[in-house]
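The next block holds one structure in the form of structure tokens; read it before the comments.
By written order: A, B, C, D, E, F, G and H. Residues from 1 in each chain.
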């Protein structure tokens, strides 16, 4: 299982559209509107790297998404 | 309740030490070692903003933590 | 009361338009055209986080605004 | 009169020390602890550019200040 | 006299157009196509801050210029 | 011989198009789709600096390429 | 097989030391001293993600290495 | 002849020392203390790439220099 965070920046006046729709992309397990350098922080889960690439591509197709940077979690060891 | 992500960069040769100990800080609910610009991505929960500031200060005191950038989640709406 | 700084970058040839109009957005208490990484630095005040989010959305709708990064002030303690 | 914003990042475990002392530097008119890329956002006022440079140097001497980036306000036109 | 460097990034397929025309803007004394984070580095001279702001606005109007970041030189002390 | 790395960011929904076509540009010897700040990392070889500039220009003309940052290799000493 | 690029920044006066030694770390297949934001660009190969993490840790232990950012190659499709 | 700009960031309380001494490094033809992301912007001239690398190494040895990023000028075509 591959876990990753995806930092999304939205086209400046399409934040709400992007935020509403990006959650619906298969593989997105969490979606947070945030302060700071990124507009939305997504957590995604995929069974394989190929599936992760598809999720990333689908996220980038969502209307209003302007940029998406992927950070892959190593060994994805959870605190709780 | 305040939810935030904290992007941690470790002193270059103290990554493991930082990663092991930063999880133990009260308020840290998730800790992930990651590829990309940040060494560790933390999710923290606090009841108040003052409590969030204490959590951030405690994280910055952990040995091996070199920098910590906070991104506050608005309305912290979860996908799943 | 929530205080925040919003770093605005304008579409390259719409700086003046953005600068003139972004000041008028309710909640903007200061607007400065600046050198460096950001074109305009705004200080905004809101009674609640929800109101802050609306202010941010309204700022992003102003013609000529290309990007807007929010930095939330903790406890907003003033020097003077 | 020259107005500028100075974005300060603190040495990771000296944030409180820096925040307490940097306010006292002559010329600092506002000091805010913030979320996001910068730990502290200062607003400073100087009569001349030479005075601004001294203020910057004094800020950089404050214990716990790790980096300081200056953004000069053009014509410093205030909204309120 | 005010001296400043302006870091220009061009719209991705309009680099040559921008580079050819940005040199002609009154106040630009040097224009260099460069490797690294910026496509063009300009040195500009202005008699007053107001004139510097006009030069910046004119640079941003040049076709193909996508972004322009200004770095103001203090006391502009030259080595040679 | 000049060796350089070119960090490419694609227009958000044209990644695949860019990735497929950018490989075909004469001078590109390696093309990798990557996680992190850049979408594609290219290695290019040129006989002269002038030729390197042409390769960069051709890369920036590829449909879907949004930005391209060049990092020139000094003395390009290979490990293996 | 996992392929990754690692962007290394050296402690400012230990570049040569770092550059000489970082090549010797098992898994580093290419090492390039470069202009731009990174001092050294490494290409590394690992059989597993766990092995990649070890390589990253060993690189960060090399004297003179100040920071190391990892960019993982998807499907690592080579042009030549 | 190779022309390059070098963006220097100084150790936070050693700016003056660095600024005074970095000008003296052979090959530095201009040195400017600046606002914004970089503390000092240097212009350097070298006859060969190898000489440029030596200049960069000597700059990085100057006391107070914390980081130095090199941007190489293509064809270094001057406006005036």
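By our rule, contacts are C-beta pairs under 8 Å (C-beta built on N, C-alpha and C of every residue); 3 or more make two chains touch, one makes a residue touch a chain.
Worth saying up front: this structure is predicted, and the values here are computed from it rather than measured.
Chemist: To test your reading of the model: what rotation angle superimposes chain E on chain F by C-alpha positions, in degrees to the nearest 5?
Modeler: The rotation relating chain E to chain F comes to 90 degrees.
Chemist: Comparing residue numbers, which of E-F, E-H or C-H shares more than half of the contact pairs of C-D?
Modeler: E-H
Chemist: Could you see whether A-D or B-D has the larger number of C-beta contact pairs?
Modeler: By number of C-beta pairs in contact, B-D is the larger.
Chemist: On a C-alpha centroid basis, what's the spacing between chain B and chain H, in Å?
Modeler: 36
Chemist: CA centre of chain A versus CA centre of chain B: separation in Å?
Modeler: Averaging C-alpha atoms per chain gives centres 19 Å apart.
Chemist: Averaging only over C-alpha atoms, locate the centres of chain A and chain C and give their separation in whole Å.
Modeler: It comes to 26 Å between the two C-alpha centres.
Chemist: What parts of chain D, by residue number, touch at least two of the other chains?
Modeler: 33, 35-37, 53, 69-72, 74-75
Chemist: Can you give me every chain pair that touches, using the contact definition above?
Modeler: A-B, A-C, A-D, A-F, A-G, B-C, B-D, B-F, B-G, C-D, C-E, C-H, D-E, D-H, E-F, E-G, E-H, F-G, F-H, G-H
Chemist: Which part of chain F faces chain G closely enough to touch in the complex?
Modeler: It comes out as residues 3, 5, 23, 28-38, 41, 69-80.
Chemist: Under the touch definition given earlier, write down the residues of chain E that touch chain G in their complex.
Modeler: Per the touch definition, chain E meets chain G at residues 35-37.
Chemist: Considering the complex alone, what residue numbers of chain E touch chain D?
Modeler: Residue positions touching the partner: 49-50, 53, 72, 74-75.
Chemist: Show which residues of chain B lie in contact with chain G when the two form their complex.
Modeler: 9, 12-13, 15-16, 33, 35-37
Chemist: In the complex, go through chain D and note every residue touching chain H.
Modeler: Going by the criterion above, the answer is residues 4, 53, 57, 60-61, 65-72.
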